[in-house]
Structures are given as structure tokens and as C-alpha cells.
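Chain naming follows the written order as A, B, C and D, and within any one chain the residues start at number 1.
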Amino acid sequence: MFLGVVKVICSKALSEDIFEVRVERPKELAHIQPGQFFMLTANAYLLKRPISVSDFTSTQIVFTIREVGEGTKSLIDLPEIQIMGPLGHGFEVTKAHNVLLIGGGIGVAPLLPIAKKCKENQSKIYSTLGFRGEPVMEEVFDSISDFLGIVSETSNKYENGYVTSLADLVLRLNEIEMIYACGPKKMMAEVAKLSEKYEVPAQLLLEEKMACGIGACLGCTCKTKEGAFGFKHSKVCKDGPMFWASEVIFDV
Amino acid sequence: MSNLKKTMEVDLNGLTLKNPIITASGTYGFGREYAELIDLNELGGIAVKGLTKEERKGNEGRRLVETPMGLINSVGLQNPGVKSFIENEIPFLRQFDLKIIANINGNTIEEYCEMARILDQEDVDSIELNISCPNVKNGGLAFGTDSEMVARVVTCVRAATGKHLIVKLSPNVTDIKPIALAAEKSGADCLSLVNTFSGMAIDIHNRKPFLKRGIGGVSGPAIKPMALKMTYDAVKSVNIPVIGMGGISTYEDAIEFILAGAHAVAIGTANFYNPEAPLTIKKGIESYMNQYNIQDINELIGNLDT
Amino acid sequence: MSNLKKTMEVDLNGLTLKNPIITASGTYGFGREYAELIDLNELGGIAVKGLTKEERKGNEGRRLVETPMGLINSVGLQNPGVKSFIENEIPFLRQFDLKIIANINGNTIEEYCEMARILDQEDVDSIELNISCPNVKNGGLAFGTDSEMVARVVTCVRAATGKHLIVKLSPNVTDIKPIALAAEKSGADCLSLVNTFSGMAIDIHNRKPFLKRGIGGVSGPAIKPMALKMTYDAVKSVNIPVIGMGGISTYEDAIEFILAGAHAVAIGTANFYNPEAPLTIKKGIESYMNQYNIQDINELIGNLDT
Amino acid sequence: MFLGVVKVICSKALSEDIFEVRVERPKELAHIQPGQFFMLTANAYLLKRPISVSDFTSTQIVFTIREVGEGTKSLIDLPEIQIMGPLGHGFEVTKAHNVLLIGGGIGVAPLLPIAKKCKENQSKIYSTLGFRGEPVMEEVFDSISDFLGIVSETSNKYENGYVTSLADLVLRLNEIEMIYACGPKKMMAEVAKLSEKYEVPAQLLLEEKMACGIGACLGCTCKTKEGAFGFKHSKVCKDGPMFWASEVIFDV
């Protein structure tokens, strides 16, 4: 696992509160799987911040970061960042003919690597992305998707509504074989319902507050099914962040 | 002269560590994860995740809240149970040159003793009796804040095992001295402290505590001054060695605890934000010893001019 | 609607503050210095520097050590004595529209009572009985960690004065509840907590504690999670109002304490690094009330969904 | 009193660990007295750091800062700094014919404003400055002083020794009427002895750890004489930082 300081190549704003931070990819870094994340050291804070890989090449890694507090704020204009990773189990790549991406807010960012992978595998990509205000990463998803639907809760340039309603429509009209989703907890719970309703497996990228990021502290657990009625606490950082919709128990 | 081989070995009253660096229970799992980041052979010992007799699922809901230079946790002793530890984790840890400290937790005195009896037969180097966990309903903290209860549980566990026995104390007490003394008199070979401080954080937008149980345990640099004071107090009141911990994140912190009289130090929360902390702390202690021309770390223990 | 005048007034069981912001004893002198920086009329009240019967010189040597998000102090109650306070400071503070809380400290119960008798005749709005100072040899902390002692000193002071009486509790206890209860039963009108945590810091290069007395009192954001938990516990165990403090530096912190049940909050260490803290916290509370359409701050007190 | 954020005009290194930070002087700022200081907000830390004024004009203030820890380190390359001040009682300006400055290390910096003031008053200025290694501010003290002696404990470009020995010599050979001194505690104790020996009043700029910087916390006290044998604790931030050598009790 890589733990060290990397140079920031550039950092630019995609919107008012979302920033793209492009760093040098160290040579010794292991293979990156779509959906994996890194722990980034936020200077003013004790704990590192988990941030997904939102794009990567053989020489670069891109983090797309929404500024929600002091920690994320401190990450967006550093000359160099300490990173640890890649971490966790990311998305499983399948050779599905039709895949559906469902992204909410900053959750669209970690979908890009899996979208690219699916594209490579010649899957047909249906992207449904939802935002509270103006969208981000619209262009890149447009170029990669066979279908792109964007909804916004407030912007009048886009259809207003929730992304899961749009996804529902796509699922009803197309033979989707695999869903990849990332977004707020409530959206994820809805996606799980869609997955059940249409009997299409869904891979969800979950989020939890993390301390170690590697499975040692047991701080980041989510509830997953065990046996017929039981549950257990799985580590989002290590057992996830990708979980199958069918495994997760949502307490919402 | 300063190139002579320095001695970092410490004797915790029957448990010899090749250096005084331990990783604190609950912050290092069973070593597996950190083994990918650092060489575990560098450690003096590892206190494994708190074990219970049966598997425990741990607490529900959010488990972590970051606070100014601190962390509140409410993990609630999630662990695979002592049997699974014996089967799956001891063999893994035995690959490394370090001492294995089994941290045990019970809901009742009987449960503590049963675990001690089970582990007595197993290949662990020491048993750490955790009577100070604030994150479980029964047992835990309740045992650790009253000298009589401490005496009872330690006496019973002492009878159940001939292994090296560490008693881990809670900082949530008016006076650590009678408690430390009770543990010593009841047969502890060594004390460790501090466990986490009881603390709370509230989500003002939802008007709810962040943690389901309301309270959690506070660790990290924020607690260091209090932890150091308690370690100092404990050291002064007993004749057995003490493992100091609480917010240690630099070698300077570790030296403070050692000068206060700790024979060894445990690194907890610091592992999360600096996985190399045990190594840099060890190196720092070495260079401090070089700087002051100290050959044997034992010269530093309790070497405080007050 | 949200433009309606909000009510920030709180009633501390006989002491009415126009807003819940108090400046904590020992961090604000007698208000003179901060009067050059902020408008003291904005405050609900000021708890003045801890007073003793006679002038006190305070502790020798270094008095301050900064720690991660905290501060250890060993001032040792340096003050001009209660007579000088009455003559020189009350008239100054009376220029402002705020409540004057006289923080009193004794070496013996009799001394506490004598001070209460003296102040009973004077123009102060409340007496805060400090039974929790870790920085003096006699009295102080010793009185505050044992329910029986608390009962004795509070009963005696209660008999000595008809003034509004706040009892200030120490966090250095196993369980705050019996102590809070003892204070209430013995006649306290109100509680305040927490005072500082006992802590220590060592100069590793001189191998000496930084502070001459070895230990000092820890304050600041580092202690907030513990202070909040204790405030919550105290609130639950008594029927009198509680003033919460310990590391409050933002309005979010203040709201946490208020939701935990504090009727008022005191700002201490934050004044040092942000002299405008009392004002920004007050404004922040106002905007929070606006945001959630709360007309009266009393609706927030203890309004926690657990 | 001014409390607010000011722009940093420039920050430059004078030596390995000493930096000159020049900030804009706010219009509303009160009169600055030589020897006064400001509390500067060091971002990563809770407490502000006290730093003397080492030079000022009607539009600028200069702080000369030695990096001794994280706090001072954080002050040396900020685009803007929060400052509070001016604080404390500085030097008393006298119309002495001959004044002696004794500075040790970074303690030379706060002597510059009083030197300039003495120059204005046509005093003859004897400067004795001591350093552990290479000196700083040599040129400016050279231009302002009638006599400049520099000693260093290690540099072989300068006389080796303690600054107080040099000062002793100056005092023996000249009719000094006033001493202004700033430096480490041990040096100050020596200066107090010189002051007594030569019966020349000395104004010492003392240092202590500070929390509030304005006299409210009683954290920064030093021992001063009271009555014939008594002592009291005076606040370095408010009663000082200038104390007369004859008042101070040194516990060294």
C-alpha cells in the first residue's frame, strides 16, 4: 500500500464547492480499481479524509472533492498532499451489455472510472445523475454515456426531481443488467429498492466516517445481512466501500 | 560513545519488551492491516482489539466523531470472540517478533475469569484486563471506577491465570491512586492507563447526540495532559511497572510519559492519522537517547526532577 | 416571522441574564482589559477572577503551557482580595449592563463563609462558589470531589448569604451526579461546570514538569467533549439550572451545551485566542434561532432528542 | 486597541531561522511606543504569539521573528495575519546623552525602534549585540549607532564571547546614562547586575509565555520587588514588557 506525499499537479474549481485535485501518481502505486479510495491528510485535522478516485491514468490520479467542512476545504489548495491507498474493495467490473449509473451530487465523481471501464468492455452506458443545484462533470459523462439524464432539484436548466425517479424510468424501458451507484444515503436506499423491484443487481459505493481507513478501528461500519434474519457490522473501508444492494440493511 | 548500541529493552515485571512501543488495544485490530504499512517486528508489543467471550457485533449507528485534536469512538467492542482470536489471529501474530497482549472484557466477573482461564492455555504473552471501556452497557467502566470492584475482578482473574497480567485503568475517576493500588494488591503484574475519557458530541442540526449511546470514549492528543498526570499519579502509588498512554503521537510525548515513570508507552489514535507513528516515535526516542548520551532506556524511566 | 425579536433572556433560578453568554472566571480578569476590545454590554454576565479573602500572590514560575487544542494553567488564584474587588472593581463593572458574578475561594469552609458574608452586603448579582480549583494547595479541588464536603461547604455558605448562589463543580470526579445533587440539596440556586481538568506537561530537555507545582488545570477545546458529557449528566441529576462551560469557542459549541440542558454558557480560554468570541457566539446563536425559527432560547434548553 | 487582519507586504529571511515580516499598518492603529508588542494569530495553534515591533513607519509595521517552534514557523509566510495591539508598556524615552543598547539574539530586534527614537533625540548610541551564530540586523544598527560592538559565541568573523562582557567594557569607559536591553533571561539577569554595578538605570524588555496578552489571565507574570523584602507578581504583558532592572527579581 502506498503511504506518502505526492505533488499536486493542479487544482481547479468545477463549481462553487466542488474541486478537482489532480496529483502525480507514484510509480510504486498498486493497481487502482474503480470505486477505490485514498485517505488524504487534511492538515488542520487529526483524521485523514477518505476521497474516492474520480479518474486516473498511469501517471495521474484525480480526486474530486466537495468542500463540506474545514477538512475538505484544507485539501483543495495544497502544493502536495499525503495520500494513503488505494483502499477498499471497489466496483466489480462486469461484461454486462447495459449498465446503469446512478450518481447523486459529489457521488457522480467515483462513477467515472467504472464508466470508463464499462466503455472499454463495450457495455452500453446509461447515466443518470442528480444534483441539488448546477451539475458537475456533465461533459465527461456526456462523452462516455450512450444515454445521459441529468436532473436537478433547483436549476431550471434541467429537469427538476430526484435522480432515482429518472433511474426508475430507465430501468423500466431498458434491459439493464448492472447498476453502479454512489450518492447520499437516502438515494442509496432508493437504489436498493429499484434493484429489488427490477431484479437488477446494484453495486453501491457507501460512505461512513472513517478513522484508520484500513479496517483496524471498526469505526466505519454499516449493517449488512447475515443469515436469514441476522445482521453484522461490515467495515465500509475494508469490506466495502462497494456493497451489493442486496446485502445492505438501511436504517433510514 | 553515542554510537554504542543503545538498550531499549524494558521489563514489565515478567514481560520483557525489546522496546517500549506497544500499539494500543482497539486501534490496531489484530495487526493485519498495519502489517501492510509497517514492519510489525519493530514493535515491542501489540495489545489486540478488546476480546469478549462470544463474538460481539458492536454498537449500532455512527461510531466516530472527530473533536478538536481528539476522537470520540463508540465501537462497543466489536470482535470475533476469544476462540476465533485464538484460532485465526495468534498464528498470524506469531510470525512477528513482538509480544502479544490479549485485551479481555467481560460483562461479569465470571466472564473475565473464564476468558483468563481460556487464554491461560494459549500462546499469548500477557493478558490485559480492560476494566475501563466506556462503550458497553454492562461491565467495562463500572468495574474500573471503584477500588473494591477492581480488587474483586483482579483477584479472580489472578487466580484463573499464571500469565503476565496487566490491568487497564480508566481515567474517569476522582483519584487513580487507590484504584491503582487495589489492582496491584490484587495481583496485577503491571498497570496500563489511560483508557478513553467519557465524552459526548451533539449534532445541533438534528438535535441529537451523534452517537446512539449518547456518550463515547475520547482519545487522541486532546487528552494527553490529563493522561500524563494520571500516569504520573499511578506510578507514584504502586511498585509495579506502568504502561502509559493517551494521546501519544510524537517521541516527545513518549519521553514525557517515560520521564513520568512509565516503563512502556502505547500508541493508539495516532496510528490512524500517522500509521508510521510507532516507528518515528521509536526512532525519536533513540535519537533523544543519543542526544543525552543515555545507554539504557531504563535510566530515563521516572527520571524526573521535581 | 424570523424577523420577530428573539428572546435570549434566561432565568438561572433567580438570576436573570439578558442573554446566556457569561465570561468564565479567571479568563476575563475584572473585565477591564476586554472592555478595550469589546462592548461588555453585550454580555449576559461576567464571572470575575477567583477571589480570596486576602490578596494572593499566586503561583511562582511558569504558569502556562499550551497543549494540543488546550491550555494548562497554574495561576494559583492571584487576586487583590475581596475588599479591593469591592472597592475598585464593582464600581467599574456597574457601568455596564451585565450581571456580576463573584467567584469565591477559601482555604477552609469558614473562609468561604466569611467571604459570602462580606459579599452578601455588596452590589454583586451572584456568588459563584469555586470548589474546584486544581491550582491551590488547600481547599479548591479537595472540596469539590466529595459529596459530603460539597454539602458542608454549600450549606454553610447558603446560611451566610441570601444572594443568588452558583456552585462550580470539578470535572475531576468519577461521577458528577451525586456531587451535583449534594450541591442542589444544600441550597445552590444554580450549578456551573466544568472547571479545569487536572493535567501535566513535562519539559523533556530539562526533565522537569513545566509548572512548578507539577500539575495545572487544562481548559480549551480539547476538553469540550468531556465537559459536554458532564454538563449533560449534571443537568439530568438536578432541578436547578446549570451553566455549561469547557472549551466553548464557537456558537455550535454553545448550542451543544444548551441542547444538553445548560441554561447559560461560559466562555473561557476562547477569549484569549479570539477576544470577539462572546460576541460571535451570541450572534451565531441568534442566527441559529433564526434558521430554525425559534423565538425564545428557552425552547432550546435541553431540547435533545435521545 | 486594534484587533484585525492586516496584509503582509513582504516576508524575507534574515538568517537561517530569523525572518522579517512587514505588514500594512492599519490607519486606526494607535501610537506605537518602542518596546511594545502585538499578539499574532498563529493558525495551527490555539494561542496567539507575542511579537515585538522591530520597526514601523506611518504605513508599515515590521516584525522580526525567530522560528523556534511550530507557532512562529506558521507566522513567516502568511499572505495576511491577524494582529492585536499595540500592547504593553514599552521603553521610556529619555533625553540621555549616552545610551547603551544590549541585545541578545532575536532580542536585538525590539531595540531598533528605541534606537531610532534616541537618535531623533540626539543621544549618542552605543550598541552591543550578541549572537550565538551569525548576527542579524548588523547594517541597520551600524547606520544608527555611534558605537557598534558585535560578539558571537561561535562565528569566527566576530569577537567570541558574551554580550554582557562587552557591555561591561562600554559601561566602564563611557558615561552611559541609560541602558536598554532585550535578550534571554540569563543575559537580562547579567544586565541587571551591570546596572547595579555602574549605577546606570536599565530598562529590560522581558518575555514570558502569554495567553491573553492584555492582562486578563495572569499567566505571564514575573517577580518584582514590593516593599523592602517583599515581592509581587507583575504581568509582563500589561505592567511590562519593560521593567526597570532595579524592580525585577531574577530566579536564575
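The rule is simple: a residue touches a chain if its C-beta (ideal position, glycine included) is under 8 Å from a C-beta of that chain, and two chains touch if they have at least 3 such contacts.
Bear in mind that the values here come from a model prediction, so they are computed numbers and not experimental data.
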Length of the shortest touching-chain route, chain A through to chain C: 2
Most distant chain from chain A, judged by the mean position of its C-alpha atoms: D
Mean-CA-position distance for chain D and chain A (Å): 56
Centroid distance [mean C-alpha coordinates] between chain B and chain A, Å: 36
Whole-Å gap between the CA centroids of chain B and chain C: 34
Centre-to-centre distance between chain D and chain B (centres being mean Cα positions), rounded to whole Å: 47
Multi-chain contact residues (two or more partners), chain B: 65, 69-70, 220-221
Of chain A, residues touching chain B in the complex: 1, 3, 41, 45-48, 84, 208-221, 223, 231-233, 238, 251
Chain B residues within the chain C interface of the complex: 65, 67-70, 72, 145-146, 172-175, 197-202, 204, 206-209, 214-215, 218, 220-226, 228-229, 232, 247, 252, 255-256, 259-260, 288, 303-306
Residues on chain B engaged by chain A in the complex (per definition of touch): 26-29, 32-34, 36-37, 49, 57-58, 60-66, 69-71, 73, 75, 78, 220-221, 269, 271-273, 275-276
